[in-house]
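Notes follow once the structure below has been shown.
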Amino acid sequence: MTDGLSMVLFSGTTDKLHAAATIVAGAAAMGRPVNVLLQYWALDAFRADRIDSDHGLAFDAMTPGSSRPVAGAADIPWLETFRMAKELGDVTIQACSGSLETLGFEADRLDELVDGPCGIATFLTAAEGGQILFI
Amino acid sequence: MTDGLSMVLFSGTTDKLHAAATIVAGAAAMGRPVNVLLQYWALDAFRADRIDSDHGLAFDAMTPGSSRPVAGAADIPWLETFRMAKELGDVTIQACSGSLETLGFEADRLDELVDGPCGIATFLTAAEGGQILFI
Amino acid sequence: MTDGLSMVLFSGTTDKLHAAATIVAGAAAMGRPVNVLLQYWALDAFRADRIDSDHGLAFDAMTPGSSRPVAGAADIPWLETFRMAKELGDVTIQACSGSLETLGFEADRLDELVDGPCGIATFLTAAEGGQILFI
């Protein structure tokens, strides 16, 4: 078994992006290679023209009696955490080529944190022998 | 470690079913054995009487400024992708017996792609030593 | 590879808490050590002052034509299942310290099933070499 951590990042709300970024940064700080594949709403959240927008919260936040993030969803530092993770460790962030087709835009519209497009087969091959998460 | 991929498939929206099917098909094409356990809304999506319906999109799609799938949610080929994965590789799709009880229907109401009911303990035992995902 | 099962439990709706509890109980019954890290809405669901409330269902339940849980969401025994899992096996449930900060409360407001706070690095280190899930 390798110490690589692979993550299919599908969700595009601030809270899940934050949870994902925290895991990526934690693994990167341990010296583990991390490989993230952006699909659907996470891919859409990394579009350069809306990456700095408020991406809202998961539906769970609407359950009666639930807490609110202290600083407000728009201030949760998920993007900074991804940036820091890439600076301090071996982190790759790629755009699922199938999801690019489904959503109808090109990889050049993504933030520069994204390293390029990647097919699912290539991603799964790189992920073999390590841990894998779907968020 | 084995090369098996196990997946607890809980979600029932078209986009997540599509993401799951893509991963299953990719792993199957690599020759890896794949074991899917349908729970809750994914199980409900495989009911024969509604499997061809529009299953909508995840809540994330409602974030302001998000893209729309090019062809519309109803046209995303998640079911065909599962069918193809089963044809080309070693893919088992089972219905969580606990979820069948919770939702109150029998396995015979499910699409023929589903191989039968399975308990969580049996599923986890088969999954040991391989990668596992929750979607 | 170890037989440990680690779970980042993020979601706070009854159905996902139930799915998570079922997996935890199944693994615990097999004698596997299980390590759960509560983040965001799952953490919020374990607040002592609302753990017995109705935590609703995932957004997927709103898809047209979807089934309803037989007994109603409020009666799904996710908490009892976690309790039983802790009694019968080696199960640790910890509160993500980052999520505690984000939601603005202290670990002493959590139900006694929660063993205490834990940072992501400590969690990931303990999870190495085993299976890991994000729910």
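By written order: A, B and C. Residues from 1 in each chain.
Note that a contact is a pair of C-beta atoms (placed from the backbone, for glycine too) under 8 Å apart; a residue touches a chain by one contact, two chains touch by 3 or more.
Bear in mind the structure is a predicted one, so any value in this text is a computation, not a measurement.
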I need the rotation angle between the copies chain B and chain C from a CA superposition, between 0 and 180°, in steps of 5. 120
Can you check whether chain A and chain B touch via the same residue numbers (shared by over half) or via different ones? different
From the mean C-alpha coordinate of chain A to that of chain B, what's the distance rounded to whole Å? 22
Residues touching two or more other chains, restricted to chain B: which are they? 1, 58-59, 131, 133-134
Chain C - residues contacting chain B, complex: 1, 3, 15-16, 18-19, 22-23, 25-27, 29-30, 58-71, 76, 131, 133-135
Chain C residues touching chain A in their complex are 1, 8, 10-13, 39-41, 44-45, 47, 50, 53-56, 58-59, 98, 101-105, 120-121, 123-125, 127-129, 131-134
